[in-house]
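Working notes, structure below.
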């Protein structure tokens, strides 16, 4: 059987987040489902980590646990040494674009978490992030007037506006068409390089993981275990037809057990 | 475990009943009846054979008026919804008639049918007609175009489209509309009877008060109305649960 | 969804107008042919309306009915929305209270009339009480459903940004449930309008509902009866339209899928 693999942070980088012996069992109608099995992960500060696995394998559950929305059946998550026991504005969860509040304008959404600031400061912040994600001119627009890609950018802007240490993204580009997805990946990397947050990104798309992440944690199907950690040491911007990229990508294909031909 | 869910509302109802008893006993002038008296009233009505007789009378009127309305409104509404221009023509009239309480038709219905069963059933018919028509119209309008196109694609004739696409597609919404309108019809029968007839639960409420201020019977009547209304609603809901009709409720 | 409907703009007004004219004509001639002495023709109704206006009763009665609806409805909104929000938020409480609501709901406000007459006598207060009763339950249920339909994603996002429970309720749950609540308010207002007429017919001393009954009882003035019915329909329709305008506000419109 697969041994539990520890995802250890690269050396010489301080550890931001540590998930220790995480197990998750869901009970419903008397049946219990083992969703996560003995997960141990370390994430370095400023690292871009991907959780990769098929749909329904539990990676979203893991992300919710790490963000403090769910309590694990056993084990604990530590961020900066302190145990996580609830959500916190220092680590913002980005859902798919459905997460933006439809009753607020673009400005309203971005300013949502900024209620502790003075009005002047808040407006400055909002303006900065509107420009940063490229939504200039749409400040007073409502989400229903925006495209899927724009809504996703809005949600990222809302998250960044409160200056969190960490971002958790749960298949954020899943509802977008593939062209927009490529563009959004580039945008995300751009933002990440500008502000160097620690990012944990959940996806089921192998290409996406290899294009974005510093390290890819490949997770097995339910009950989810860490199957393998792949270090992507290609500097950005990554050439997606380079040999190194294809090697790493095909390695993960093989790891998951997929054929190379359709 | 599972029983706990049903237990709590019962406890709550019991608490309400006790509070009611308490409040009623503390009245300076004995106007409103307490739960015990109401219970006694129900028993009395049952003994005199009136309870069943009145329930049947009210249900009878509802059945007549409601069924007649359904037979006209549903095919009519479906046809109207299907033809855009017809719907355009009729819509303002429908919207104008909708806010008019069925009770406001009482003078007209007495004029046309005199006092009695027919007038009461007519009122229920009127009260059910418009909501059912509107339901049918909306049900047709909300059929996704893809269904109709697929039907045409497979070469269905007009009749075929109606039987094999339109009709199955509207059933879930129609059933919900029937349930809601039945509730409305039940509300109206009570009102209609207060004015136009000499039997039934609505009549009971008015008569018990007029002929002797028997408020225990009045409230007993109200309780019966509530229970029967609830039973009607529950039985319609169980229709919604029939599997072959449940296809449109699967989301949410 | 139906046959290809290339409807021209003017047709939206043409067909209803055509139908209205046809209807009025049919009505007029039906009265003529049956030679009815009692049932009014369209012209008779119009004259009746003029008479009411002339006697100053028209606006007084309209005002009375609207006033009662206003008070009863506002009271129902002020008490129903907080209660509904609370019940929606604390599902344990909802489970307990819901069966009671389902049982009391089918009892027609009309059936409450004798009780309200006992409590308030005939007139304003009885009508307002009945309106309140009738409007209360749909509002509570709409608020409850509104809260229940808020995706957990929104609540999580609110908590993520550090909102406490009260702020969560006011800044996330309430705006998110507003579309549902507004629909419930519109339906409830429609019910209130129906009930005010009924209440005035049975326990009133003024107002449009009272007019319907009184016109018949004191002189078989069916022209006034129908005039009153038309006014009831018209004002009820206007109330409904006004509310639908509310639903087009951008901060609320997101909650409705585009209607054909």
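Note that the chains are named A, B and C in the order they appear, and that numbering of residues resets to 1 at the start of each chain.
Operating definition for what follows: a contact is a pair of C-beta atoms (placed from the backbone, for glycine too) under 8 Å apart; a residue touches a chain by one contact, two chains touch by 3 or more.
Here the structure is a predicted model, which is why all the values come from computation and not from measurement.
Participant: Between chain B and chain C, how many steps is the shortest route if every step has to go to a touching chain?
Facilitator: Tracing touching chains, the least step count from chain B to chain C comes to 1.
Participant: Most remote chain relative to chain B, going by C-alpha centroids?
Facilitator: A
Participant: If I average the Cα coordinates per chain and compare with the overall Cα mean, which chain comes out closest?
Facilitator: C
Participant: For this structure, which two chains have more C-beta pairs in contact than any other pair?
Facilitator: After tallying contacts for each pair, the winner is B-C.
Participant: Just give me the whole-number Å value for how far the CA centre of chain B lies from that of chain C.
Facilitator: For chain B versus chain C, the centre distance works out to 17 Å.
Participant: Measuring centre to centre with CA averages, how many angstrom lie between chain A and chain B?
Facilitator: 52
Participant: Using mean CA coordinates as chain centres, what's the chain A-chain C distance in Å?
Facilitator: Roughly 48 Å separates the two chain centres.
Participant: In their complex, what parts of chain A are in touch with chain C?
Facilitator: Residues in contact with chain C: 67, 69, 86-89, 92-93, 95, 98-99, 101-104, 112-113, 142-144, 162.
Participant: So in the complex, the part of chain C that touches chain B is made up of which residues?
Facilitator: Going by the criterion above, the answer is residues 1-3, 5, 7, 11-12, 15-16, 18-20, 23, 38-39, 95-100, 102-115, 118-119, 190, 193-195, 197-198, 201-202, 209, 212-213, 215-216, 222, 225-226, 228-230, 232-237, 239-240, 260.
Participant: Applying the document's contact rule, which stretches of chain C touch chain A when the two form their complex?
Facilitator: Against chain A, chain C makes touches at 151, 153-154, 156-157, 159-162, 171-172, 175-176, 178, 250-255.
Participant: Which chain B residues qualify as touching chain C in the complex?
Facilitator: Touching chain C from chain B are residues 5, 8-9, 11-13, 16, 31-32, 81-86, 88-93, 95-101, 103-108, 110-111, 140-145, 148, 183, 186-188, 190-191, 194, 202, 205-206, 209, 215, 218-219, 221-222, 225-230, 232-233.
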